[in-house]
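Listed after this line are the structures, all set down as structure tokens.
Two complexes come next, and they have one chain in common, subunit A, joined by subunit B in the first and subunit C in the second.
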Partner chain A sequence: MTERTDDAPAAQGLGRRPAREGLQAPAAGRLGLRLPASVAGRLWELRSLSLVGVLVLLAIAGVVTSGGNFLSVSNVLNILVSSSIIGVVTVGMTFVIIGGGIDLSVGGLVALASVWATTLSSQQYGAWAMVVCALLVGMGAGLVNGLLIAYGRLVPFIVTLAMMVASRGLAEAMSGKKTQLVTVQSINNIATTNVFGIPLLVIIFAAVVLVGWIVLNRTTFGRRTFAVGGNTEAARLAGIDVRRHTALLYVLSGLCCGIAAIMIISLTTTGSSTHGDLYELDAIAAVIIGGTLLTGGKGTLVGSILGALVFTTVTNIFVLNNLASEVQNIAKGLIIVAAVLLQRRGTT
Partner chain B sequence: MNALLTVTGLVKSFPGVRAVDGANLDVQEGEVHCLLGQNGAGKSTLIKVLSGAHKPDAGEISWRGSPVSFASPLAALRAGLATIYQELDLVDGLTVAENIFLGHEHSALGFSRRRAAAEAATALLSRLGHGEISPTRLVGSMSAAGKQIVSLARALSHNARLIVMDEPSAVLDSGEVDNLFRVIAQLTAQGVAIIYISHRLDEIRVVGDRVTVLKDGKTVASGLPAKSTPTADLVRLMTGRDTEYAFPARPAGQHTGRELLTVRDISRPGEFTGVSFTVHAGEIVGLAGLVGSGRSEIVETVYGARKPAAGQILVDGRRLRPGSVPAAVRAGMGLCPEERKSQGLLLYEAVYRNVSVSSLARYSRGGFVARSRELADVAKAIGDLDVRPSDPRRAVRTLSGGNQQKVVLARWLLRDCRLLILDEPTRGVDVGARGELYRLIRELAGSGVGVLLVSSEIPEVLGLADRVLVVRAGRLLHDGPAAQLTETAVLDMVMEGAAA
Partner chain C sequence: MTGSRAAATPRRRFLTGGAAAGAGALLAACTSNTTSSSNSAAQTKAVSNNDKPGKPVTIGFSAPQADHGWIAAISKNAAAQAKQYSDVTFQPVAATNDVATQISSIKTLITKGVDAIVVLPFDGKALTPAGLQAMNAGIPVINLDRVFDTPRAYRTWIGGNNYGMGLAAGEYIGNTLKQQGKTSPVIAEVAGIDNLQLTQDRSRGFRDALSAFGYTVSIRQAAQFTVESGQNVMSNILQAKSHIDAVWNHDDDQGIGVLAAINQAHRSEFFMVGGAGSANMMRMIKADNTVVKCTVTYPPTMASSAISLARLISQGKGMADLTEREVPTFIMLNSATVTKANVDKYLPLGFES
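Moving on, here comes the complex of A and B:
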């Protein structure tokens, strides 16, 4: 990942979430020991290493069961394309969960944004109007979530559960439960465009992850997210506007849903109230097996993304081997439990 | 009297620390044995080993004459050794009786026998002199003092022979402490022994029989008579210093600093009424009052964490937006809250992130955190306060109580805060670190910061503050120079409300 040049020296010395565990970064702190402490911090950061390990194991399983097919460039890109849409949603979800909340409405928001952006009246204004429409719908619904949670003092679980149901309902009402075909060619082309051999969807995914990583780890917004999620009362008494920040987190999640909606519209050349089905579960599962605390205050974006990749890879292997989707779901459930167990052993 | 518990040469290490390094302790039936020591002296680790929460690396524990090694807190409890921690482990949503018998309920075929449990609970509470507590009352609706009684009853329900109490008085006001001492007296009369841990030497005088002093994980003195050992000796054993409270000298003469904070007639129904006072630059104003007198509510309202129903708060003569912490912080206020862990610290995070959390805007370059500058400034701030260890990247939860308090102070130092509100700044801070905090607070005032100090320890308010406000039942009773007040006079006002 590229660093801003002026931040690079500090980043070198520090590690991203340094010294999170005191035992890993001993007090010494003098120059001689600074490097090891930071390396320990880095390693700790790569606690998601266990997930890399899981990915490697999966890759071996893929090669063993389907030989060259699995490792072919086209299949690897295929995995990345399949991860891209849920991956973008997972970025927003990671922010919300680290900030101490939960967003169950992401699937519904993807559906609503996809339908709203593909209505005939939206399509007639062209591609950019559709993009802006999807983003605004996502952010607007996210803002409603955020305002109800932060200023209406309602529980995130309940607010976003209501939004999950209502947004999909609204999507069904708008589309009359019909699949809306997209006739704007430039939108449909997004999914078929390759840049230097890499699908544009994967590039969008990578860009969202990169921006998300920078915001979470390098900006004051990211710092405040950790503070608000880790100890809301302390953050409030430290002078952080906790309510505004909380509301913004849900807007951010909604924005990610808007981006994901554009991607799914392009990939399927349709808008539909059935898009994004069960995305909330996949995204939350990815965040959790990525090592983020469900209670907030602690977590990494890299872990979440690896979590999403693990899921897609499992699906891919099962599809290559013509196994039924029931078996996939059982395997996914086992992976969630195994990953969390592994991490707990790593922390205590 | 017979030896109930004998500990010899106990050692317990954690990676990087020898928390207990040769501790000895002997407790006899029916005595109150006080455990003294600074924070980090190993008291907590010692009692965790005793209660079965940690396994010792070396040493012997003998319980009622035979060597034991408790595998878990439950095993210790079954053997008759109960521990009551500061954070009481009761379930708020259950009743008194349900809490007392949690884990060993009265039941028949899986159905709870509620009447039998209620009767047994009342019997246990009566043994503590509190038969009036209803066994069907929800624990969540009780005060900290009431919950402590329930915890004691729970210990008795396991036929405890020894009850370890970790700073039981920290959450109590002085009337409740007296009651606790009566309860302890009843227990010891029944042959139950108590290990009593407290930072307050005056309490140990009243309640204790014998004292064991720990320093750096070692027992430095044991079996001292609690009533007659001179304070100077105890303090010297704990710290190597000679006085319990070392207050820095007040600067001579009256304060000429300009008026920084003006509070005009603020009220919140049910909490406080018509409170007015001022704080000048460079002045330490102490707010004395019992728990529940409204003192914490008053400072939280000044800080914007609560919204006043009436009245005005002005900083530099400009009216502050009511009920907004960010507005108060922008105006130059800072708060070190009463509950350091739950209200002050970001426990998952490193020291530097805890210090800079209120100053992020200052280190923001287009939204990005300028981290080298941030780290350099934090390192300087924690260096100025002598936080130990001085590594800004250390996890904040590995620091001792006193150092954690300094981290919260450093947060406001970094912001160049002009009005510092300190709510119980020395709670859970050991004697040695207290003196240092007092000196730091005085130095801050010397540099022109106005300080509003809340404390339930009257000597602290009198010793540190320039001017003292006394609150009782939500009203300000007194406002005058600290030098003209005595501890008894303040105590009198706090308890009786006789205006001076």
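Moving on, here comes the complex of A and C:
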């Protein structure tokens, strides 16, 4: 919750590194602040805090309904493992949405990368080739998204919708709609390995979040992302290559999908065109209840991650209490509304 | 940044381009999925005079697009079975998951004047008019698995028994636990997609069989028939119950994920029963080194049998071992209980997931 997310960060970046950003003086005026940065920052922290409140409420519900079972170490780790894959996808999605875009293709890309990396010929080359393959497929498809959106000037919703359908179709064609078993043991071992009692998948998740947080909050790239999403025209006048930056955001999202694909391959010991089902909705929901504006320009990574954790925790509590799936879905819908309402109380 | 971009030399462009091309080549090399040894589909062997070549017949075949191993095996088995007969011309139409497309492709078969049509409808209710139309045109329809609304729409129905599958799984689990002397065992059930009739039938059969032993299902959660959902649901079930005695998982494809979750949690105090009968699960039953001890079949070999039935009907033959001169109108298959003791008999019929 120490995340620093300022209003109109591009202007902040301007103040700090005018030379590197190459900003022109008139552009600074157009980027003018609406609120003092410190006040805005505090409001955003409140948003994240309210989400922590939701998680605490859920935890209380979990403890009350299923006793010590819920807070046992193995169950908490189980929740983290269950969140790890969608969490990594959510990191990429947060960047894209803050940058003013949307990526509906994440689920399809996870499926495609998982299938591509687990074909018999990929498996022949061994674990590293599979990892590289998944990452390249994710980034390559993300690049196609990015080029079409940034340089082809197409609407992100349409481009990524097309990619969502096409990538899953390609995954189905490549796998013949069969589940591809992984025989490369070192890949399967990722999901069973613990480092100091912490599952490796959780460590990968944490590493991706950490790197994502640093890139978003402590680098020029992150500041430009806020700038591009907040006001494209101002960002362009400020000397940012908006198109190149936009394209890179989708490559980044694709990279996250590639990482997620490796994780899901290991967790399920398979590659399949059915992997990553509805990830686009889960990731977008997590980002939104995490407090990121769907219109871009504002948002926090920590909020998104908390959002993803909320969903997995709900599923966990429902299974612990053996409740039917239809009840789970109703509850998830209510929680989305409740979380957003809580946030609004927190900010107004 | 602008400075460095302006300095992008031809050499740098060449390197970037080369790297991209290299990555592309590497990826292209990874798309192949062919093996040297291909699995032969399950076929029935010649057992009677019925298999001697008779009047040449053309059999039309229509099925949904394969969305998992089982449907893929259906189409493969049908084609392989037709090949067995020198007097059968196999006429498949493009597989589709669109009701309208499947209706029009069946109409095409009617127009072509085939001798019989084997159809696994994407949706039994929606495809009923197409079945009726074929029957009215004098073409016998062999309705595979997903049943039409009215018996008038098919000459013969052949399909699996979902209720029987649950029953078989429940009986195996009940018997085994009874032998172990368990009085109140913890039984978990990982169901398939919950709003499908077949899932509800399977669960009903399972409950009925267990209640005969005085047992109940302790925890039941629905997955999505996918590996990922199987892993996710089972990982949570394992947290919910620190001790489990038996698990029934409805579908062997989803079972790969269920098994992954069990291995990741290092749990082995229970045994697991699968569903549908994939070759992969049967190999594990045979090896006997996992918690998987049994699977109950929902055999895709029914497609092979459907082709044989279509041939017999259009040649006016009956089923050799039965007294009746005609093929019956309703054939519900038995859900076999496959354990280590009999797995060799069923392994050739298992489908690759």
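As a convention for this text, the second predicted complex is superposed on the first by the 302 of 348 C-alpha atoms of A that agree within 3 Å, B and C clash if a C-alpha of one lies under 4 Å from a C-alpha of the other, contacts with A are read in each partner's own complex, and residues count from 1 in each chain.
By our rule, a residue touches a chain if its C-beta (ideal position, glycine included) is under 8 Å from a C-beta of that chain, and two chains touch if they have at least 3 such contacts.
Just so it is clear, the model here is predicted, and its values are computed rather than measured.
Participant: Based on the superposed arrangement, let me know which partner A:329 touches: subunit B (first), subunit C (second), both, or neither?
Facilitator: A:329: touches no partner chain.
Participant: Determine, under the contact definition given at the top, whether A:297 touches first (subunit B), second (subunit C), both, or neither.
Facilitator: Only subunit B; A:297 stays clear of subunit C.
Participant: Name the contact category of A:194: first (subunit B only), second (subunit C only), both, or neither.
Facilitator: A:194: touches no partner chain.
Participant: With the two complexes superposed on chain A, say which partner A:234 touches: subunit B (first), subunit C (second), both, or neither.
Facilitator: Touch partner of A:234: subunit B, not subunit C.
Participant: Have a look and say if subunit B or subunit C is in touch with more residues of subunit A.
Facilitator: Residues of subunit A touched, subunit B against subunit C: more for C.
Participant: Contact-wise, after the overlay, does A:183 reach subunit B, subunit C, both or neither (first, second, both, neither)?
Facilitator: A:183 contacts neither subunit B nor subunit C.
Participant: Report for A:121: first if it touches subunit B alone, second if subunit C alone, otherwise both or neither.
Facilitator: So A:121 only meets subunit C here.
Participant: Quick check on my understanding: which residues of subunit A belong to both its subunit B contact set and its subunit C contact set?
Facilitator: Touching subunit B and subunit C on subunit A: residues 20, 22, 239, 241.
Participant: Across the complex, what residues on subunit B touch subunit A?
Facilitator: Touching subunit A from subunit B are residues 15-16, 303, 305, 325-326, 328-330, 335, 337, 342-350, 353, 356-358, 360-361, 363-365, 367-372, 375, 389-391, 393-395, 397-398, 411.
Participant: In the complex of these two chains, what residues of subunit A are touching subunit B?
Facilitator: Within the complex, subunit A touches subunit B at residues 4, 6-7, 9-11, 14, 18-23, 25-29, 37, 41, 218-221, 223-224, 226-227, 230-231, 233-241, 297-298.
Participant: Which of the residues in subunit A come into contact with subunit C in the complex?
Facilitator: 20, 22, 66, 69, 72, 74-75, 78, 81-82, 116-117, 119-122, 125, 129, 132-133, 136-137, 140, 174-181, 188, 191-192, 239, 241, 264, 267-270, 272, 274-277, 315-316, 319-322, 324-326
Participant: For the complex, which residues does subunit C have touching subunit A?
Facilitator: 1-2, 5, 23, 26-27, 29-35, 65-69, 71-72, 194, 218-222, 224, 226-233, 235-240, 242, 253, 256-257, 259-260, 263-265, 280, 352-353
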